[in-house]
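Next come two complexes, and both contain chain A; in the first it sits with chain B, in the second with chain C.
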Partner chain A sequence: MDYAKNMMDKLSIEQAKIELLNTAYANDRTAIARLDPRTLFLWYAFFGIAPWFIHNTIILAGLLAFTVTTTIMTKVSRLILLILILGLLGQGGYLLIASLFFGGDLAVLQPLLLLTVKLAVISLASITVFCSMSPEKLSIGLLSIGVPGQVSFSISYGYRMLPVLLEEYNHVFMCYRLRGKAPEKKGLLYWRMAAYFVKLSVISFYPLLLSTAKRARTTVEALETKGSKNAFTNPAVKKLKLSSLRMGGQDYFFLAISFTFITALFLLGHYY
Partner chain B sequence: MNNVIDVQNVTFTYPGETRPSLRNMSFSVQKGEFLAVIGGNGSGKSTLCKLFNGLIPHYYTGDFEGSVIVNGLQAADSSVADLSSHVGYVYQDFENQLVQARVLEDAAFAPLHFGFPDYEERARQALSLVELDQCEDEFIWQLSGGQKHLLALAGCLSLQPDILVLDEPIAQLDPHHARKMYKILETLNKQHGKTIIVIEHHTEFIADYCSSVLLVDEGKAVWKKPVKEALTAVDELTKRGIYPPQVTQAARELGLGGMLPVTLEEADEYFKALFLEKRAPLENKPNEIEGEPAARFENAEFFYKTINRTVTPVLKDITVTFYKGEKVALVGNNGAGKSTLLRLLTGFRKPAGGSVSVLGQTTAGLTPEQLADKVTYIYQNPEQMFIEDSVRKDVEFFLKARRIKDFESRVDRILEQFHLTDLQHKDSRLMSGGQQRRASLAIGAAMNPAIILLDEPTANLDIATRKQLTGFIDQLKEHTELVMIATHDMQLVSEWATRVIVMHEGGIIYDGSKEELFSNMFLMKKAGLVPPQIVELSHRLGLFPAAYSIDSFINLYREAESWITQKI
Partner chain C sequence: MQTVKERYTLTQSQKMMVFILSMSLYGLSNMITELVPSVYVGPVEFSIEYFAFIPLTLCILFHPLYAAIGASLGEVIFGELMLGQFGGFGELEKFISFSLAMYIAGIMVTDPKNRQQVGMAALSGVIIHQLISMMVDIGKVWIGVDDFETLPGLAESVVVVEGFAFFNDVLFSGILFALIPTLYFVPRLYGKIEPLLGMKPRTRENTHSTRGILRPKLVIAAVLLAFAAFGFEFLSETDLNIFEWEAPFAEQLETNLIWISIGVAAVLSLSILFAIISRNKKAKDRIAHE
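Moving on, here comes the complex of A and B:
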């Protein structure tokens, strides 16, 4: 139980908030993060889609190796990686068990592995791209490829609000605990405690909505005074925002490396 | 005409309300004025300030009558966006006004979105005006409360408005940071020619920095006067729940006549003549209570993690024992660790090192629910206490969860006690600041705790609510074994506490009586504390030990007077 308690302490809402903020904002000083969003979109257009159409094991393995490298370069949070690995294992494991149960044999292992590798490449590519771009950069990037200002603004604002929401949720949850009463008997396998916590975590959303509605009111007013509505219709604002983007040497270098690697990989896969 | 703001016959009723919040309000503000708006809780001050940048009537679509002219623009006919280049508005809940993740981005947001090509330069300029230029790259979550407030101000300044409106700019600041805030406003007013309007409860700051005062009561403008004239109208102010500066109150109480002083400098002159005889009258020091311990910290430590996964210590090696029957004030800068220390007692947080025990049990083995039977923590922001949709339900929550018999009558009594009976079915979030504070105290009272912890209970309170608060604490005395208050309010400390703990950078740098603390100027300075005005005045007049309340000052004065008459 002590171990479980220790884990619970580590997986607190506070910790989740830090990891989230970290993933969203704090990785913007790595080499990949310095690239232009358009470079990353272009790169992602290949790595996010191509694996579905490739069945060659060597090429897939090569792509996996490449995305693993880029993921390491983005210094992504370990929690995100843990979730990813659990997800992949869970998915693969569940399919394996299902196929064995319905009369399959270990021959399913090979195609299953292939699928898992494909999924891993795509997921790692997504992590590389989206963890490297701060929400602000992402929204400017989206603006540059023609996505309307309202959408790109919502993304950057949504990220800004997330930690606030989490913190508020944490507060409400603790408020219930600081005034409430936990079941006296813990129950078999702590089920009473578990039920109590599940109940709290659900009812905490209600006050959260009420209090955030009020906070959001101030923010909406402030946004109005800061001209955000004006910005959607004013082309000068878009121009100003996009002027901060520039494709530089490092962008071409990154694309060239990726292109060379992929070409070499395809040649290798083709001949062996 | 030099009027930058002209309000004529404005009446406004919020949608869904029957009583107007502003009634036939008329006044004007001249260019370069530094105006303080004062009035009791719920008198319509905040509503008034929403007129200047057109939030009323554009965002609050209630019944609006009359005219508001700002820099020659009719507010009702101009958009909020147009007006915001003339008027910058810093909210009371300024944190929700910050919309970007990093400091520079946030300051640049407005000029960027209005399409100014030099937006970055404007943002940098604004940041340097509020002295935040060192933190350009920081995340807003990592700023202190005071810095966030300054950033919200910079966000307005970047549009270079002529008029700034601030709703209670120092409510959550320690005295040191509060003074810094006002110094910055003073520079903006004097050197940059901005017209500044503040809603302010702290009359001592008004005396030092503002040029005129507008008194608001029940939605009406009672009068607008130059600062000196306004603050010496003692009766009119106290009637409406506002404290004049302590020196003014003392002079008035003594009934010496002449022009009452409003600032420390004036008071120095005013009283000097009579305190020429400098003596040290003996005063009883309160006995040190050393009874049964109620709470104990042993080498307690606490850290928190930042976004960059670095660890910041909040509490360092705290060892201290609090005894039953004590009234402890916890003072120190913003960020010195006061709130964290209190929260360790609730089980909301567990110490990272060392131990914390409450009434003989260590908190490590207790859940917050178990501790809730003994300890109540009243949040700094009352809104964080509200988990139900009406005042009554919130007060009931603890009792209902514990299936206490006859809880209804108890709740009725508590609601009565805090003047909440009429409001009991209202959503607490929609009440005014003072009403919310009362509701949060009522929630605490219903829990009938052995230890009660209050975090900044007097922030944003008018005189009436403040009196209720002290009354509430006194009523609890029979059942409560320990009361601890974390506060910046030195007046509260000097009138109430029996023991003062000064915290600085996560450690305790002083633990003792308030008299000794207030006479140790070096320590006060180090911890960023400013003594109550009356204490400072006694220092200037060379009184030792210093008077720490208006009453004791008056006693000292009368004593000095009798000495002089005896000599004659």
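Moving on, here comes the complex of A and C:
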């Protein structure tokens, strides 16, 4: 019971909020975080797609080693890595057990391992790119590759509003708990309690829907007074927003190193 | 009569309101479902996959396109980006399939007061979304594993694992977190939430105006075609694997066929998206000119 209580403390809403802000803002001082967003997108365009079409073990292993290195350089929080590893192992293991059940043998193991490596390369590449960018940088970067202004606005809006919304949801939920009556019998495996909490968590959205509707209206009216409807489509505004972006020496250096590494790897994989 | 109809079309800022509302609420719910742990009973997973009732309710009550796109973007921003789980290109597939499913559910309802219609729309929204994601998941293993067909057991196991997850999600998440809450929320919010955004509630008469712009028949037909392309491909492949297990495969031909069908499906779905977007733009321009 003590253990459960400890877990509950760690899973509190406050803790979640702190963890989130850490993920967003904590690691923007690393070497990769200082790169231009366009460099990172270009890099990701290769590492996010290419592994699907490579079936060579040596090349895949090399790519995995490279993305592991970049991930270590970005100093991602351990929680995210743990979730990733568990997910990859879970999917691979599940498929392995199921295919053994259907009369396969251990020959399935090798291709499944390759598939897992591919997925790992892709996920690590996306962690490298997207966890190292701060939200401001990400939204400017997206704007620069032609994503509509509404999307980058939504990213900044999300980061600002999330703490407020989470707190409000927590309040409503607690109010329902105070006014309501928890089931007296816990039921087998606490199922009555679980059902009660699930029901509350769904019903809590009713007041929240109404209050968020009001808030959305206020936001849009505030945006209108600043002429945002025009700003989303005006090229001059976009130019002004993108003026902080600059490709520096470190960007070219990073791209050159990646390119050299990949070329060497492909040559190696081709001849062995 | 014409003037009355025009008054019901949404202005640009009203669309933005629907978009922001749907984005922030569905994003918040996503964050909550990510934090709630899942319970396994054997292979059956009792987890809260998503609170699909939020985008469903909003798509039924408001303009379906903006509510659907807002919800998908909210999921990407709150549920993935902020938790550090952003999957890059993988999110694109989720984005398209989820907004497509929610949009279709939204246009299925012509009268939000009709409970039967609302229930049907809620269930089919979830089924469409889960069906697309199941096919994509199977396709991933297909492309990712080199000699997929020659390995005994793998093909069946992928289909069984993914099919099982599909039924699990539809029966559990679909009924508990889409059907029942949507039936609870839509009648309660109808007529109450619209004035907060400065709009009139959707009725039988004014849904006509949005329908006229988007022509759901065309969209649905195109979507069905894309589905058929995916589905036939999928069926023919599994049949081959089950009945002619030892037959030597004309590998080159087969991989070519796979690529061709995937290409056709991709082209179809892209053209649908473009059609929707350009139609919308045209409609907007028309409104702006009038």
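The rule is simple: the second predicted complex is superposed on the first by the 256 of 272 C-alpha atoms of A that agree within 3 Å, B and C clash if a C-alpha of one lies under 4 Å from a C-alpha of the other, contacts with A are read in each partner's own complex, and residues count from 1 in each chain.
What we mean here is this: contacts are C-beta pairs under 8 Å (C-beta built on N, C-alpha and C of every residue); 3 or more make two chains touch, one makes a residue touch a chain.
This structure is a prediction, so every number in the text was calculated from the model and none was measured.
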* Which of the two partners, first being chain B and second being chain C, lies in contact with A:160: first, second, both, or neither? -> first
* **Which superposed partner A:258 touches (first chain B, second chain C, both, neither)** => neither
* To do: Based on the superposed arrangement, let me know which partner A:114 touches: chain B (first), chain C (second), both, or neither?
  => second
* Which chain makes contact with more of the residues of chain A, chain B or else chain C? -> C
* Of the partners chain B and chain C, which touch A:214 in the superposed model: first, second, both, neither? -> both
* In the superposed arrangement, does A:172 touch chain B (first), chain C (second), both or neither? -> first
* May I ask you to decide whether A:229 touches chain B, chain C, both, or neither, giving the answer as first, second, both or neither? => both
* Asked: Can A:250 be said to touch chain B (first), chain C (second), both, or neither?
  -> neither
* Is A:76 contacted by the first partner chain B, the second partner chain C, both or neither? -> second
* Asked: After superposition on the shared chain, which partner residues are touched by A:30: those of chain B (first), chain C (second), both, or neither?
  -> neither
* Using the superposition described at the top, list the residues of chain A that contact chain B and also contact chain C. => 135, 157, 159, 210, 214-216, 219, 221, 223-224, 229
* To do: Going by the contact rule at the top, pick out the chain C residues touching chain A in the complex.
  => 12-13, 16-21, 23-25, 27-29, 31-32, 35, 39, 48, 51, 53-54, 57, 73-74, 77-78, 81-90, 141, 143-148, 151-154, 156-158, 160-161, 176-177, 181, 184-185, 188-189, 192-193, 196-198
* Asked: For chain B, which residues are in contact with chain A within the complex?
  -> 53, 55, 59, 80-81, 83-84, 89, 91, 93, 96-97, 99-101, 105, 109-110, 112-115, 117, 119, 139, 141, 155-156, 304-309, 346, 348, 350, 367-372, 376-377, 383-389, 397-398, 401-402, 427, 429, 443, 447
* Asked: Touching chain C in the complex: which residues of chain A?
  -> 11, 16, 20, 23-24, 44, 48-49, 52, 55, 76-77, 80, 83, 94-95, 98-105, 107-108, 111-112, 114-115, 118-119, 122-123, 125-127, 129-131, 135, 138, 150-151, 154-155, 157-159, 161-162, 165-166, 169, 194, 198, 201-202, 205-206, 208-210, 212-217, 219-221, 223-224, 229
* What part of chain A is in contact with chain B in the complex they form? -> 9, 14-15, 18, 21-22, 25-26, 134-136, 156-157, 159-160, 163, 171-172, 174-182, 207, 210-211, 214-216, 218-219, 221-231, 234, 236-237, 240-241
